[in-house]
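Here chain A shows up in two complexes: once beside chain B, once beside chain C.
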Partner chain A sequence: MRVRPRPDTGLPIRIAFLILGIVATLVLAGPYLAPHDPLAQNPYALLQWPSQDHWLGTDAFGRDVLSRLLAGSRVSILASLLSVAIGLLFGVVPGLASVFLNRHFEWLSLRLIDALMTLPFLVFAIAMTAMLGNGLVQAMFAVGILITPAFYRVSRAAALSVVNSDYIEAARLMGASTFFIIRRHVLSKVLPAVAVTTAAMAGACLSIVASLTFLGIGVVPPEPTWGGLLATDLTTLYERPFGPFAPGLLIVATVWALNALADGLRDRITQPQEAQA
Partner chain B sequence: MTLASPVLTPREAGLPSPAPAIRRKHWISRLRFLGSLLAIIIPVFLLATFITFLLGYASGLDPAAGIAGDAATPEMIARIRADYGLDRPVLIQYLDWMGGIVRGDFGTSWFNGVPVTQLILQRLPISLSVASAALLIGVTIGSLLGIGATVWRGSLFDRCVTIFASIASALPPFVVTIGLILIFSLWLNLLPSAGYIPFSEDPGGWLRIIAIPAMALSVDIIADLARQLRTGLVATLSENYVTGAIVRGLSPRRVLFVHVLRNGAGPALSMLALRVPMLIGGAVVTESIFTMPGLGKMAADSALRGDVPVVQGTLVVSILLVLLCSLVINLLLGMLQPAARRRN
Partner chain C sequence: MNSPATVVNFEPRGGRRELAAPHSPPALLTVEGLTIADRQGRKLVRDVGFDVPLGGTIGIVGESGSGKSLTCRAVLGLLPAGLEVASGSIRYRNTDLLGLGERGWRKLRGVELSAVFQDPASYLNPSIPVGRQLTEALRSTLGLDKRAASERAFHLLRSVGLADAETVYRQYPFELSGGMAQRVLIAIAVSAGPQLLIADEATTALDATVQAEVLDLLDRLRRAQGLTLILVSHDLAVVSQVCDHVIVMRDGAIVEAGPAARVLGRPDHAYTRSLIDNHHRYGVEASGNPEERVAPLPGITPAPTPAPVPLLQIRNLRAAYGNRAVLDGIDLHVERGEILGVIGETGSGKTTILRSILGLVTPETGSINLEDQDLTLLRGKELRAFRRSAKVQYVFQDPLRSLDPDLPLGVSIGEGLDLTGRILPWQRDTRVIEALQAVGLDPALAGRLPRDLSGGQRQRAVLARALVLNPALLLMDEPVSALDSVNRIHVLQLMRQLAEERGIAQIFISHDLGSIAGVADRVAVLHQGQIVETGKAAAVLACPTHPYTRRLLESMPRLQDGHAAAPHLATFGIQEK
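And now, the complex of A and B:
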């Protein structure tokens, strides 16, 4: 049988890094790159099609869409990073604790994680913002809590795979404290798995942030966000049918890049021999 | 047992059918499996509803200001709070609320005094019809793509499925919805882009109106199912018992559908159970784009109005739906793969 060369698995990763680089530039420099003031209304240039002055046209208030897109990058990206950080903190620590603390904590935390997994994301996030005040931080806190199960399960599974191994037994017999064992022997097994989850969850959170801002939750109206731009585009779909493309493409490309990064990392970790060969 | 002796069922061997004791044991193992599932599901239900309840409690919202109006005195507010039972300890309030839910009473809306059960029953069919249509499309197309990619693995079809799944899983439902509205409503002028028609009034109109939301919500399911199914099936194909079945001359179709699918579909089925909460979440966005009076839209509207009982009621109903789906899928897994019952 003819051996086919393996397809270049590095290509998606390279594209992903390119996209993430562009997005990072938008986040850092977006407001300075904007050709117009994202909030400035121009009653003489409503709902314009793309032109030299307005590359992506103008919206129903005569605001420059490109400037709003650039200015909206920061909120959209930073909000999803915030919820990933919350999920990471509240997922990994209990995940490790469930392996090393007593059985009661293990049982309770497992059921709590199961309970969190049954809550529908968007409804819960909406409820939380409504009841704790309509702010992006509240919304992101809700999303962060709801993604903890992913981090919890991944770090718990990785820790369980090494906790009964001989070298940890040996360390314990030599009198090493639990904290030392986690830091020295367990973290190195847990971190790669957590890195994959972080990338995947960053993509998921971005998609949720976009959905929430699309519904008008977590931001005050004139403030531009990717999801918010799509919502305004939806109301003027007949006048500007091309409107949703630019923000939609940005959201989809970023989420895809983060997913591809997660897949690439997973391949590296699960097949280390193959990657070295 | 030597190779020469054919395997006979007890009946063929002239033995009596399994003794009652064995049959009883079989039933006991089934019941024990169901019991072990319920032992997990009931605490999860209680915890999830308690989180839901605490959310409303911690909000500090109450109907008093709305009812008493601008001329409210502190005494009036205290009396209204007492009428609603909001001055009692949190655990008592939770138990009272839970007792109501068990009897099918979710309380009344703070906004218009309508029983929450009635509001939910009005809107549930709308959300359920969209969600089940999405599930039906997703499972059908997803399984076809996954099985196809397994059968013709390494082919162009397989790579196309992989690329499609990778892009589709990055598409948020509301972006897909907008895209489908652009294509089917604006350009092709085939499907409506807003509103809702009940099935009982006009089945054709109902199907046309739920088509876009259902398609939009199914994209995620198609992508995940195709990918999980392909991974699971390809892994199962390299098992020894599959080689054994091929060597014994079973047809490829029989090997795939009877031997491989049964064991390889496990991860895909478990994934499907995890998809249900997201389906309900996605419904919020599609319902709000389509201005459909569904459960998701009601939850969002009530949350923004501070109507705590309605939000809590919808959350409880979606928790129940999620747990019911996961129970069904776990029972299905237990039936497909008796070994799954032995876990834990």
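And now, the complex of A and C:
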């Protein structure tokens, strides 16, 4: 009997951490690293190609592209983190409550989640911004609500797998409250699965932020974002054919890093269980 | 084989060699110098060798972890991942099993060599009716067409004693009892007419009466089909009933081997002797003489009997699931410091009694009084307050499942203390350490996770979790049924000690008469939700009045070692076969 060799997950995870480290630096220090004012227009230097002064050239208004990219990191990343935070809050708490609270809540929350799963992301987000006003917070709130089913399902499944275990009954027989049981016995089973979902959803949200800002939803010009840069670069593709490359690469690399992290986390979590079997 | 010219019937490595009669049948299976090691090079089975003659029955006994199951798995080519045969050879007829590829195994396994394991339900697909699984097995091993296979399936089901074969054929595995499922597995195992059948703890999980029936079935099949049988068990009595040769294993090596009558009647090795002594001490046959029932534990003098104030009084208890009454008219009482054994088969309602006391089942009628409090009336906050008072503690049947796999032992054991009230961390730690010491565990284990412990250690840990709260009454649900005989005895001694030294009353439910007889003061026999007999343990087991109790006693596997057991058997009025 041979055990199938596991693919080495070490390298992708290390690269993912490197990328996320760079992105985190951009978020924290991006605006200060920018060589130029990201909003300053220069009518004498429109649509320039890369030069020593402007490493990534300038856009149709003569603004420094590198500075706009650095300054736009913060909004893009924070917006997707906001969605994930909303998804976590409105997904995990009801997910656990559906197992431990009562039948009525379970039925109601399941139906609600089913309904949410039928809504398409972009259309819902566009409708929300139309209703609540065009702002990134409104749009990301909508996205956050739409990713709650993933968190709800994952935490509910993990809690269901332990709710009938003997050790939880043992705790109940010693007079433990539901809150005590969740804190002591359930969270440790739920958190690993939730961590994986969080990483995967952060990646998904980032591409949604990029899509929304690409469409011009959620941000008001001239505020720079990754998706917005991609859109303006596309309009000047003829003059600067390499233009979409830099924002596109940033988006792809960050989303990939988050997905790689999720994969790695999942492998790390399932590994010890396989070794036991 | 050292000397191929002599016909060696039985040859344990490093042990004595017994020459069989010159015309004895040739060996069907020869294991020589078998050593099994894991990746770190730790040897789990060391230099094991034996011959299995054609048509013979070999019993392998030993504690859990003695390597008996691994040896059998090696014979079947089914070693768990990470383990390898480091040296030695296994020959079946003229085939070297260790050099066999996947294709070669397919021709042998299930066809010539077959096996039955402990937990029958897990070897059946829960979503496919039994009949179809059996027919599929027959079609793949024997190459029968659909009709012939299903006819043969009916025949097989009947031949393993399932009279109502038509019903069983259509049933799903979960609709079968444990004994029926094991019969189906045996039917599948013998379907291709194998030469060698390995039964690895095949009857361990079954009730005493069912166990006797299944052993009888194996014996019958062996005679009818000329099967060669290897029976692996931690239960000496099971092996002694069926086998003509016995191998005793310990720590991965054979300590003694030979004809059953000789090994069990005149054991050479001290370890075998201790196994047999233990069996007598805690087996039912030893209780024929009431004075000898419980061997006095070293250093413990029996406490003087306190004035009988019932700690727990159950009156006219009736409980039902839906329309089916599970318990009816139960009257029981437990004194302080007394151990009450409740004997009954699966489904007799034993566990429901405990669950009623714990408030997990709401009885239809009746009362359960602990001191002066009626437990059946407690609801919501009162129930939780009562539970936090920790007067009654429950010890689950499966210690591994009743411990949180992610929490160190110390945290699990201290959980009840966290719940009962404000306690400083260092006070809690001292009490956890005291509890660990009280059950004979090293306090250093407090930092370990449950999976790092052995089965016996886990059972003690679960006991420690109950004891740390100083309960007045312990409810024990089959606390020793998952343990091998050595650990079983340690836990039983511990229970006795708790009753005598700390005055903790215990209700001990089990389907195993042997362990109840060894430890209980009084017994109650439960049959189909009613108590059919109750009284002093020694009296009930020595002269049972109810026919059901008698049947239970008769179906107990007994150690067949000739002279030693005979007088006790006579006391019971049981004829030796």
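Here is the rule we go by: the second predicted complex is superposed on the first by the 265 of 277 C-alpha atoms of A that agree within 3 Å, B and C clash if a C-alpha of one lies under 4 Å from a C-alpha of the other, contacts with A are read in each partner's own complex, and residues count from 1 in each chain.
Just so it is clear, a residue touches a chain if its C-beta (ideal position, glycine included) is under 8 Å from a C-beta of that chain, and two chains touch if they have at least 3 such contacts.
This is a predicted model, so every value here is computed, not measured.
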Message = Taking the superposition on A as described, I'd like to know which of chain B and chain C A:Gly203 touches: first, second, both or neither.
response = first
Request  = Check whether chain B or chain C contacts more residues of chain A in the superposed model.
outcome  = B
Task = Go through the superposed model and pick first if A:Leu173 touches only chain B, second if only chain C, both, or neither.
result = second
Request  = Scan A:Ser211 for contacts with chain B and chain C and give back first, second, both or neither.
outcome  = first
Message = I'd like to know which partner A:Ser165 touches here: chain B for first, chain C for second, both or neither.
response = second
Inquiry  = Touch test for A:Gly248: chain B only (first), chain C only (second), both, or neither?
reply    = first
Request  = Based on the superposed arrangement, let me know which partner A:His185 touches: chain B (first), chain C (second), both, or neither?
outcome  = second
Request  = Based on the superposed arrangement, let me know which partner A:Asn259 touches: chain B (first), chain C (second), both, or neither?
outcome  = first
Ask   = Residue overlap on chain A between the chain B contact set and the chain C contact set?
value = none
Message = Please output the residues of chain C touching chain A within their complex, sorted ascending.
response = 78-83, 358, 360, 384-388, 390, 393-394, 396, 398, 401-404, 406-407, 412, 415-416, 419-420, 451, 465, 469
In the complex with chain C, residue positions of chain A that touch it = 1-3, 165-167, 169-177, 180, 184-185, 188-189, 276
Key: Touch list for chain B against partner chain A, complex   = 40, 43-45, 47-48, 51-52, 55-56, 58-59, 61, 154, 166-167, 169-175, 178-179, 181-182, 186-187, 274, 277-278, 280-282, 284-285, 288-289, 296, 299-300, 303-306, 308, 311, 314-315, 318-319, 322-323, 326
Chain B partner contacts - residues on chain A that touch it in the complex = 4, 12, 111-112, 114-124, 126-132, 134, 203, 207-208, 210-211, 214-215, 217, 227, 230, 233-234, 237-238, 241, 244, 248, 251-253, 255-256, 259-260, 263
